[in-house]
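The first chain written gets the first letter, and so on, giving A, B and C; residue counts start at 1 in each chain.
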Amino acid sequence: MPYPTEPLEILGAWVGALLTIFIYSYILWRENYAFRWAEHTYIASSFAVAVVQAIRIIRNNVVAPLMGGDMRYIMPIILGLMLYTLPFRRFRWISRYVVSFLVGIGFGVSVRGALSADITRQILSSVTAPLGGTPMDWFNFIYVSLGFVFIVSYFTFTKEHTGWYYVPTKIGRYLLMLGLGVYFGNTVQFRMAMLSGRVQYLLQVFKIIPWP
Amino acid sequence: MASVLRRPEIFIFIAGVVMGITWIGYFFPLGAVEDTVSLMQTWAVGISAFALALGFLSAARIHLHYIRRRTPGMWPFSLWLFIFTAVAIIAGLISETTGFYAWQFKWVYTPLGATLYATTGFYICSAAYRAFRARSVEAAILLIAGIIVMLGNCTIGEVIWKDIPVINEWLQIHGQAPFIRAIMVTAALGLVLYALRIMAGIERGYLGAIGGEGGGG
Amino acid sequence: MGEAERSIWIKLAEIDRRIIYWSLFLLLIIPFVRPLMLPVSISETTLALYNFIEKLGPDDIVVIGIQSGVSAWPECLPGLVAATRHLVSRNVKIIIWGFYTDVDMTMNAIKARVPQLKWPDEEVGPGDYKYGEDWVYIGLIPAGGETVVAALADDLHAAIKADFFGTPITQIPLLQKVKGAKDIALVITSDTGDYGWYYVRQWNARYGTPIAEIGIAMIYSEFVPYYKAGQVIGMLKGVRGGAEYERLLGYAGEGTQRMDALNVSHLLTIFFIIIGNIGYFATRKYRRY
């Protein structure tokens, strides 16, 4: 794809680059008005996108079926409007009906999936031996299964971590650190990839490297 | 009458019934129950849209306060925020795919979002420098694992030592598995227990001030 | 040991953070101007995804869920593009949707890099994907988290009414073959947040639909237990996974190019960690005596 040729697109690319530099001026230098302006511009843009998206969802997913004759869709409108009593202390209790409904449906949907995917299957995987596997497979199975038990024991505070209980909790702590170290390494990859993307964008706008 | 409508028992009952219907629909696939769950899910989507705009209103109050009070160093930016938001919303209501809304979505919203997201790259580097000191055995384990994974995630690692990818692979698939699995299972157990506590009316935090008393807002 | 030498160690342990920031920012320019393009080794999870897609064919329908925004393109786009190219090479039917407001931009970015995908008004040549029959783009599905993902799995036709162009799904041939999760051969989910879990919990746990994750590196870590339990059949670890997949497909794309930036940034971070520790241990010795 070539560098933008339309005047508004070229302007947009430079505006994006300038705003990026203003944001990074805070990190590379110090707090300044350019950064603050860019920050407020982003907040304003986010607000606009959120409101426009919300109106679109309400129009397409609630109002349209309602206008089509499905009277059940009056409920999301009523419940949604009830939510707007939240900022008003005197009428806040009205919004609790909606919050209760959302809590109910949210937890209802999450729990039914979590029971199988996050609990049962994981525990089954921890106790299912790799029959016919290589010695390394067996080592990995024992390591993961025991490690899982040790880390859970480290987070169990109803019994003091003394005596015989000290050893598994200590091993659990070490394995916890190992896992956190790996997680940190992956986090660094993610963050650096994001940052490299912005550096690349600036180089592309300034025509130092080709536009993708 | 109003005080009756504010009783926390009503809200707990609503949350419990909705949760219960959802679980019944999962474990006992009865047509009418599944249709009800599907309808409630659709309602939740619509209600979420109203909540999006609510977040904007809450933040708008704060910035309006800055403008009214002429808070030094803040009010011009808050004024700019309102102007930009208003123009963008109006443009978005006219057309989402052309005009100013589409332009600012492509050249302001997305680049700035990416930029702010990417600032953590700087912070993680300086945080790693400051905090990653091998003060103890545990810290040393974390440090060594992190360095091996960092080297393994980039192509230069295998140039430095050809076994780095092998060790990294083991750490990724098996090394960290007990930790991630333990967090996952315990978090899921916590989620289930929390849901049961909500159903039983023991957890009332989502009700705010009403939860701890018989009535009132 | 004199005061001057001690102060060097202290300086090593207390480098101004702006030096770190500027070093990182400036050094990241180098790999884009002078790329090295070192070869990348293939990991088990990438190969697993590749092998799974190799077994798919024209009768299979795959869903690609884009739950990563434009900000995550550096991590997720190379893998998404590579996987889509692979699916197209196997003639697998594709349904694409997303939950983030900028999903259309990501879709356009994929389409620009997988030219076989044609919009309804574009001419279809040999080997191209005809819209409505070979692939469909639903567009942005209103955010609603796990409830929406569950609704899509239960009954697609109740959850969405039209595609991105407003065509009722009853008029789209490909979507007539799909009632819900049971009709999908694979869900490829690209995540920066929670949506991957939703697919595992609502699509795989309830209907057994295979899931593959093309997300950021942190999500990779969090999905390892699912992979070990067989709930997820393969994963790409961010841009590294994208580069590996490009190698499997035999081309050097944006993932491979970005690995050089990772090399520089990771080596710099490790360098600062090492000198920080050297400074720490050196000053600790002085404090002890």
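The rule is short, and it goes like this: a contact is a pair of C-beta atoms (placed from the backbone, for glycine too) under 8 Å apart; a residue touches a chain by one contact, two chains touch by 3 or more.
No experiment lies behind these values; they were computed from the predicted model shown.
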Kindly work out which chain lies most centrally, taking the average of its C-alpha atoms as its position.
A
Most remote chain w.r.t. Chain B, using mean C-alpha positions, is C
Contact counts by the stated rule: is the higher one at B-C or A-B?
A-B
How many angstrom lie between the CA centroids of chain A and chain C, rounded to a whole number?
14
Using Cα averages as centroids, what's the distance between chain B and chain C in whole Å?
19
So, what's the distance in Å between the C-alpha centres of chain B and chain A?
5
Sites on chain C at which at least two other chains make contact
21, 24-25, 71-73, 101, 142-143, 145, 147, 150, 206, 217, 220-221, 225, 228, 237, 240, 262, 265-266, 269
Can you list the chain A residues in contact with two or more other chains?
24, 27, 49, 53, 57, 61, 105-106, 109-110, 112, 114, 118, 122, 125, 144, 182-183, 186-189, 192, 194-197
Residues of chain B that touch two or more other chains: which are they?
26, 37, 41-42, 44-45, 48-49, 52, 105-106, 109, 113-114, 117-118, 121-122, 124, 128, 143, 147, 150, 153-154, 172, 176-177, 180-181, 184
Footprint of chain A on chain C - complex, ascending
18, 21-22, 24-25, 28-29, 31-33, 71-75, 101, 112, 140, 142-143, 145-147, 150, 197-198, 200-202, 204-206, 216-218, 220-221, 225-226, 228-231, 237-240, 254, 258, 261-262, 265-266, 269
Footprint of chain B on chain A - complex, ascending:
8, 11-13, 15-17, 19-20, 23-24, 27, 36-58, 61-62, 72-73, 75-77, 79-81, 83-84, 86-87, 89-93, 96-112, 114-115, 118-119, 122-123, 125-126, 140, 143-144, 146-148, 150-152, 155, 173-189, 191-192, 194-198, 201
In the complex, go through chain C and note every residue touching chain B.
15, 17, 20-21, 24-25, 38-41, 43-45, 69-73, 101-102, 105, 142-145, 147-148, 150-151, 154-155, 158-159, 206, 217, 220-222, 224-225, 227-228, 237, 240, 243, 259-260, 262-263, 265-270, 272-273, 275-277, 280-281
Please name which positions on chain B make contact with chain A in the complex.
5-6, 10-12, 14-23, 26-27, 37, 39-61, 73, 77-78, 80-82, 84-85, 88-89, 92-93, 96, 101, 103-109, 111-122, 124, 128, 137-139, 141-150, 152-154, 171-172, 174-182, 184-189, 191-192, 194-195, 198, 206-210, 216-217
Chain C-touching residues of chain B, taken from the complex the two chains share:
26, 34, 37-38, 41-42, 44-45, 48-49, 52, 105-106, 109-110, 113-114, 117-118, 121-122, 124-126, 128-130, 132-135, 143, 147, 150-151, 153-156, 158-159, 165, 169, 172-173, 176-177, 180-181, 184
